[in-house]
Amino acid sequence: MQAASIQSRIEIAHSEEEALLTLSAAELLGKRWDFGDVRRALTSTTGYDASLYQQMAELGWLSLATPAAYGGAGMPVGALASLAEPMGKQLLGSPFLATTLASQLLLGAGSEAQKQHWLPKLGSGAAIGSIALSEPGESYAMLPTCVRLATSGTGFTLSGTKCFVLDAQHADLVLVSALHDGRPVVVLLEASALAGRIRRETLIDETRRSARIDLSGLLIGRDALLPAADATVAIEHTLRVAWLLLSAEMAGGAEGVLQLTLDYLKTRKQFGKFIGGYQALKHPMVEIMCAIEQGRSLLYHAATVFEQASVEREIALRMAKAQLGETYTHAADRSIQFHGAVGFTYECHAQLFFRRAQWAQHAFGDALHHRKKLGELMLRDASAF
Amino acid sequence: MSDDPSAQELESFRKQVRTWLGANAPKPPRFKLPDSFMEVGTDEQFNYLRDWQQKAYLAGYIGMSWPKQYGGGGMPAAYQAVVNSEMARANVPFMVNLIGLFWAGPTIMKLGSEEQKKRYIPKILSAEEIWCQGFSEPENGSDLANAQTTAIREGDEYVLRGTKVWTSLGVYAHHMILLARTDKSGPSKYHGLSFFLAPMRVPNVETTPIRKMTGEHGFTETRFDDARIPASCLLGEEGQGWSVALTTLMFERGNDGGQAGGLAMVPLRVAQVIELAQVMQRDGKPAIEDPVIREQLVRFAIEERGLELSQYRMRIPSLTQPRPFAIPMMSKLVMSELRRRLCAFAVSLQGEAGNLYVGDPDAWSDGDWQRSYMNAFSATIGGGTSQIQMNILGERVLGLAKG
Amino acid sequence: MQAASIQSRIEIAHSEEEALLTLSAAELLGKRWDFGDVRRALTSTTGYDASLYQQMAELGWLSLATPAAYGGAGMPVGALASLAEPMGKQLLGSPFLATTLASQLLLGAGSEAQKQHWLPKLGSGAAIGSIALSEPGESYAMLPTCVRLATSGTGFTLSGTKCFVLDAQHADLVLVSALHDGRPVVVLLEASALAGRIRRETLIDETRRSARIDLSGLLIGRDALLPAADATVAIEHTLRVAWLLLSAEMAGGAEGVLQLTLDYLKTRKQFGKFIGGYQALKHPMVEIMCAIEQGRSLLYHAATVFEQASVEREIALRMAKAQLGETYTHAADRSIQFHGAVGFTYECHAQLFFRRAQWAQHAFGDALHHRKKLGELMLRDASAF
Amino acid sequence: MSDDPSAQELESFRKQVRTWLGANAPKPPRFKLPDSFMEVGTDEQFNYLRDWQQKAYLAGYIGMSWPKQYGGGGMPAAYQAVVNSEMARANVPFMVNLIGLFWAGPTIMKLGSEEQKKRYIPKILSAEEIWCQGFSEPENGSDLANAQTTAIREGDEYVLRGTKVWTSLGVYAHHMILLARTDKSGPSKYHGLSFFLAPMRVPNVETTPIRKMTGEHGFTETRFDDARIPASCLLGEEGQGWSVALTTLMFERGNDGGQAGGLAMVPLRVAQVIELAQVMQRDGKPAIEDPVIREQLVRFAIEERGLELSQYRMRIPSLTQPRPFAIPMMSKLVMSELRRRLCAFAVSLQGEAGNLYVGDPDAWSDGDWQRSYMNAFSATIGGGTSQIQMNILGERVLGLAKG
């Protein structure tokens, strides 16, 4: 049999630069970030290795998609997937995601001065950035609903609470979305302004750090407001970047937990046979492998079309996020089961992937959410795809 | 069952139990309770749960159908079933001495000597003596018959040497049902095994706690380094250990004939997930208004109902043909897998909030669902993995060839 | 582990009469209706064996739930499940379902005279009855929408079309639902009135016979109208009977195809081993067996509470129909697959179950339909179950 | 691929193909066309399909990448890929000589002698000679290497004796790729097999049609009763038949290197099921407005897209690590299973109307979905069942132990 249809337009492209990025990321992380490092980071405050992060900065990973004008490599956002996939496979804990999203949001909504001041710092690792979009109680509203920005005197007053702000406790700046005169805006808050307002969250994924931020009554100056009168476009762009990066991370993570499980099935014997020989374990592993292969294809396609402003892009991104979210969580769930009693221990690495898969599938929209949106995008008329 | 009391008798008894539970159900503790006996990790958890079992036993609600001479109630099993269902309804804690009440006790009742019954059963019911299980070994999880721990007879004693793992309640247990090899010369691994009611608090028995994926403790590794136990601890004949163990496994894997009663673990009901769906918001509406979520909730409800009704049906012989043992033998597999999927769904229902974990003040119900999802694997893996269960069902119930 | 809850009220009851019915049905059909008979019936016009049907009548099966006053045994409707289950297991083709539904509808909506005249005939096998509820284009409307009854002169005129009328071509009477002054009514049409208006349908289930009936312009007398001014109650009762009978038939059919498959897995060897020893086949069979056991429990409960007018009854019936529909179709689908190339032939009996499962899952509401209704019944408040 | 033409070249070629198809796509016949070559049951179906392949071949759209000297086009494979995709888009009939074009032809191209290539390839492309496959036997479906049909060398001939089953196109075929045993003394079943390009139209070869579950005919049982074929029909060395057969199976099981092109079967697209959902009514509304149905449609669309894109990705080496052969080797499994589930869903979408079958005037699209659901099993069973495919993938791609 054959694919029902093979298009001639470029569905998936992979430049040599991207191929090299993937290789160098796999190489560096293979050297610098093994399971031992993951375990050490679980109990550390920041959850990452500052010297490794610095090395990532020097390799240009933190400014990859930042325009040259701001000290970046100016590569297309799609190229970030080539880094995020190996990071996911190695369970890297780092502010890469938060900082990248902050850079992208700043690019979309910031003033020239703000970009000139912050983007080089974020790219060099001199500063860590984050974004605060989520609010308690509202799953996947994406745009601000309760956090408001009111004019007061020469500046503004904020009200409300943000949650799931990645790396907030060690971030130098946090970009916060808020409603101002009924329109979404973004304000830039420096660490000093947030002192005493940050409470670390206890996450199912112990390799992550995020916090809840109480903004009630916070007074800020006019210059903290990003100029975009309506930040919707910039926020939506940032969400798309998040979908892409998480899809890539999940593709890598699913591959990582697949290989962890395979290693066990190839070495563990029961009843005198390698347990990987039992169809009850072999066939589910094959199904997981097939799902990963399909998910990766969706991911690379999403990365390829990321620059095109089209419905196809949004379909591609949401498909990747939905499919890989379920593939990763399922692969991790089966890894626990197939490791038997060992898989049920804290010492078995399967739980690291399991917990990360849970986090990644829920963050920035779960499969149910994205499939619902996909229905709206694709089911108007059948020719849509 | 012929000795079954009338529905009216049971109904009035049910009222009586309900009243007692209303007055005596233990107050929720300040600390977090475990999902099951497999997660008992702290003394305060253990003491709280042991006290509850003692209270229930003294009220006559545990071991109701077991013979009076061994501390039981000597009543028809139907009464215990009423108590169990009322305990589930009242959502009271499970019985901490579960291995004693559900697995070791029934095995002793079935195969033990008169002395052994007199010696062990009463304190199993009263939770004075806690039991643990020593079947699995590091190299033999599914392949239990391959046990390498040895028990060498020396005079009136056996000398134990070897390691057992995943010993729930290992630190609190007074006794262990232990599968050990008394003879290595047998023609197959099934020969030369013996079954012991081994004391845990003797020299050269060392237990080391193992941490679980949830971060909790609760089970241990137990090392026997030439530990000496009295020969009277042998259950059944020397060398007949495997057939004794199979009896225990039948009790463990859901064939609920003759178990002492009480709850085995915190019951999770679809109704709780429905409540969750009523609270969680999706697209600005309660999640329960999402048709895709409704569809899934109904699917779960049908599964749960089918299982519940099966427990009822299995007592009606004319409705259990052509596989009279299918329901009891499938219960462990189907219930544990449903529990796992139900928990996973309950976590995903929470959306982004599902990423908060036990200890976060904003986690829904203190992250219970997240923890329960992980703990659900203890039932899909422990007591024979689901994969092993399916082999057993395929071969013993459906009569298919061995793999 | 144990059931989360065991009630003391009677969830499932099975009388000695019912147990005997099941045994005698299994015995008679075992003797009189084997796969050879099924195959012969496939190509026959009526699709059933008249002498066997007469025997069923003499055993009282056709009047089991008909009150003694009309020559029946007056047993509760739930007892019919004890017959329908073995019928499904043996793939019996017969007008049992159609005639039973006609009797129940007549009981609910008919006049004393109509009942006196027809029920004894239907019960004795002297007459075959059927019901015409479905209309083209509307899945599961259940109540009439397009077929209308208009007053004309001393009688009425019918308009519209009915479809999926079981055994219509050899039925002596057909009870047709129609809209009259905006309310559902039922009219009784004898075979003579339908001459030339019946077109046999080609069904996926070749053991069934059903037809489409064109009613346009059909003139009928006043006495053809069943007296119930609003037949909704009677129609809904008849639907519940259909759900119960089909659930029972599907439970039997699922068991039948399970055993057919098991027989093959126990005798067929590949690579020198009985293929039933392979987990890839063994474990799915176990899952099917578990689903059948759960489905049967739902069925027996539905039969037990059938007489109680309660929401619980409707929940029980819809649960059984939904669960067994999916269990049967899945079991049949896997039977084809696990028979390998043999399963793909017309000669293999698996296709007989496969086609019947398809029919039964769709008739009178498929799983999707019933789960949707169950949501409405159960999800108002969690305490409902 | 280095010899790949530019995107512009391909685009203009695509336009040209599209125009040709617009003008030359065969008119829908009065009779019902089969789902695939496995369901060709009547002469009018066969002739219609053969004529279409001949027409496409004469236009230069079949075997485009095969060498000129064997009747091919000698062009880069990318052109054939464009033709294939345009044929799918135009929904034209599949190529009836599929076994020749996709399995037998590539095997001969790879392992055949110069004479054999000259003799067979051109008429495979032109459909002048139809091919069938003789691997399976009544007792050996999955276990192909266990073939019992014998081929005894006598002078310049081999004498064939035995039975092959599930021979698609058996009644129309001129040649069969045949796996037979030339030596029974081998150390294992894999030894002593030989691979023949056997003529079908010689004495003592008898084909009996087998009826399929759909009611259609299309494959046959082929009995060899001392049928004599020239020794020149041997492909490869005598006794090397199994390794030749494995090559054929690689082509058959989705590794699409070197196949001649054209459509393998009627493509079923999720878009068609969406159209169906727009027409079918549920609760007085189009089924496509039901959120549960929408969810399922989107799930299918994601699967289909992932597969489609994988066929594209597989040609980009830097994106196929660490399993370069995973995609080609998994294609048959994943596509055939998706097709089965998609058809089953399309039937259920029709509700009660899904009970009508081929031939009923009121059946939606003449019951195509109902028939396609049943025919879908030909792909999940034929050419190695899905269960066998998973073994192969688990062992060869994931490196897991043999069962």
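By written order: A, B, C and D. Residues from 1 in each chain.
Operating definition for what follows: a contact is a pair of C-beta atoms (placed from the backbone, for glycine too) under 8 Å apart; a residue touches a chain by one contact, two chains touch by 3 or more.
Note that the structure is a prediction, hence the values are computed from the model and not measured.
J.: Kindly point out which of A-B, C-D or A-D repeats the B-C interface, defined as over half of the contact pairs being the same residue numbers.
T.: A-D
J.: Between A-B and A-D, which chain pair is linked by the larger number of C-beta contacts?
T.: More C-beta contacts join the chains of A-D.
J.: On a C-alpha centroid basis, what's the spacing between subunit B and subunit D, in Å?
T.: 52
J.: Averaging over Cα atoms per chain, report the distance between subunit C and subunit D in Å.
T.: 40
J.: Mind pulling the residue numbers of subunit C that touch at least two other chains?
T.: 278-280, 283, 368, 372
J.: Which residues of subunit B are in contact with two or more other chains?
T.: Residue numbers touching two or more other chains: 290-292, 295, 387, 390-391, 403.
J.: What residues on subunit B touch subunit A, complex-wise?
T.: Counting only subunit B, the residues touching subunit A are 136, 140-143, 146, 165-166, 210-215, 280-284, 290, 292-293, 340, 344, 347-348, 350-360, 362-363, 367, 370, 374, 377-378, 380-382, 385-387, 390-391, 403.
J.: If you look only at subunit C, which of its residues touch subunit A in the complex?
T.: Touching subunit A from subunit C are residues 278-280, 283.
J.: Using the touch definition from the top, list the residues of subunit C that touch subunit D in their complex.
T.: 134, 136-141, 163-164, 201-205, 212, 270-271, 278, 280-281, 329, 333, 336-337, 340-348, 350-351, 354, 358-359, 361-363, 366, 368-369, 372
J.: Which residues of subunit D touch subunit A in the complex?
T.: The touching residues are 7, 10-11, 14, 81-82, 84-85, 88-89, 254, 256, 259, 263-265, 267-272, 274-275, 278, 288, 291, 294-295, 297-299, 301-313, 316, 318-319, 323, 326-327, 330-336, 379, 387, 390-391, 393-395, 397-403.
J.: Considering only the defined contacts, which subunit A positions touch subunit D in the complex?
T.: The contact residues of subunit A facing subunit D are 1-12, 14, 18-19, 22, 262, 265-266, 273-274, 276-279, 281-283, 285-287, 289-290, 293-298, 300-301, 319, 322-323, 368, 371-372, 374-375, 378-379, 382-383, 385.
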